[in-house]
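Here the chain labels run A, B, C, D and E in written order, and each chain numbers its own residues starting at 1.
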Amino acid sequence: MKIARVSGTVVSTISAPIFDNRRLLFCDYITPDGEATGDYVIAVDVVDAGPGEIVLIMDEGNGARQIVGEATAPIRALVVGIIDPVDP
Amino acid sequence: MKIARVSGTVVSTISAPIFDNRRLLFCDYITPDGEATGDYVIAVDVVDAGPGEIVLIMDEGNGARQIVGEATAPIRALVVGIIDPVDP
Amino acid sequence: MKIARVSGTVVSTISAPIFDNRRLLFCDYITPDGEATGDYVIAVDVVDAGPGEIVLIMDEGNGARQIVGEATAPIRALVVGIIDPVDP
Amino acid sequence: MKIARVSGTVVSTISAPIFDNRRLLFCDYITPDGEATGDYVIAVDVVDAGPGEIVLIMDEGNGARQIVGEATAPIRALVVGIIDPVDP
Amino acid sequence: MKIARVSGTVVSTISAPIFDNRRLLFCDYITPDGEATGDYVIAVDVVDAGPGEIVLIMDEGNGARQIVGEATAPIRALVVGIIDPVDP
């Protein structure tokens, strides 16, 4: 997993029920010190994170499917937690 | 997932039925601001996207197989949605 | 998937039947415009590609296993097609 | 697998039992010579590693799930060993 | 797969039987021309490779598990062959 800062919401329609009631978030990956790495990911939000918040990203399909509780959901990247002030 | 801009079509023959009626698209990955990252992917089109359109790319085999509804399809990268103007 | 240019053959012995009658090819990844990206992959050839030819590379284990028709073959990267002149 | 140096602990809450009694560690990837690569990973600790220690990171979901003994745990990166002085 | 040059042995203890009688090798990835790419991997040795030898690395969990013949072994990167002088 890595940490990222939420920067916005993706507006699109995907033909899979898993996405119906969940937002897709633009998440800019950051270092443990909070600097942007230049890479980003679009992740499914399951913790109701908002813009500017620092979140924990899980980027593995099988793990993501376990967390949402749907063994066949077509997802890979997931916002799995909001980060409290880190202790690096 | 990431977003990308469709740049063209790949003309090739692959010996797997999943590819028979589907186009393979060259997709240039872009940042949330719309700038090219320099990386690209060839993805199977399931939403009838055209050149210049900005699309959502899922790059995970198991998720891609769920969306096309064939548990054993030999695919990994999929164009899963067309992006409306983003709200970064 | 990505496209690549075949640059040579790997001579090695691997203790798995899937490799017995198949060649391993050095494939230099290229951009849609045909420029080398600097990255390469060693892929199993299933389409009888030769040096200099531009090929389509699938780099996902489960998809590769479906194409060769052996559910447990220890392979990941596969040359799945020869590319006709691209239309970028 | 790669080696990394533990740099701190992530404080977050994730809704999956596998994380209840385990710490999440910031791990800076290093080369065999001990230099930072600039990349990092957040990994689940199963060997009680502490800050400054050099550890072995497994970054594959199925392997990680086998080591913790839970076939459906939503994890991918795991600290699987503490490294004794290396012999490069 | 990619090729790499063995540079040393990792000394660590991992709590999984698959590692009991097998060495973990530091392997520096190289190009087809033999130049170091700057990246490396720690791989399980199944062909008795030694320092300086050029080897073939498979870096996919399911394929690696097939080669060692243990469907649940927590491994991902494997030294699967020693490379004879290449023919690029």
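The rule is short, and it goes like this: a contact is a pair of C-beta atoms (placed from the backbone, for glycine too) under 8 Å apart; a residue touches a chain by one contact, two chains touch by 3 or more.
Remember, it's a predicted structure, so these values are computed and weren't measured experimentally.
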Fill in: Same or different contact residues where chain B meets its copy chain A, judged by the half mark
different
Practice prompt. Would you mind reporting the rotation angle for the C-alpha fit of chain C onto chain D, rounded to the nearest 5 degrees?
Written response: 145
Discussion item. Could you work out how far the Cα centre of chain B sits from that of chain C, in whole Å?
Written reply: 20
Fill in: Length of the line joining the C-alpha centres of chain B and chain D, rounded to whole Å
32
Item to complete: Quick one: which residues in chain E touch 2 or more of the other chains?
Response: 62
Practice prompt. Starting from chain A and stepping next to chain B, give every chain of the ring in the order they occur.
Written response: A, B, C, E, D
Worksheet item: Once bound in the complex, which stretches of chain A touch chain B?
Response: 7-16, 24, 26, 28, 40-43, 61-62, 72-77
Worksheet item: Which positions of chain D touch chain E when the two form their complex?
Response: 1-3, 31-32, 46-47, 56, 58-64, 66-67, 80-88
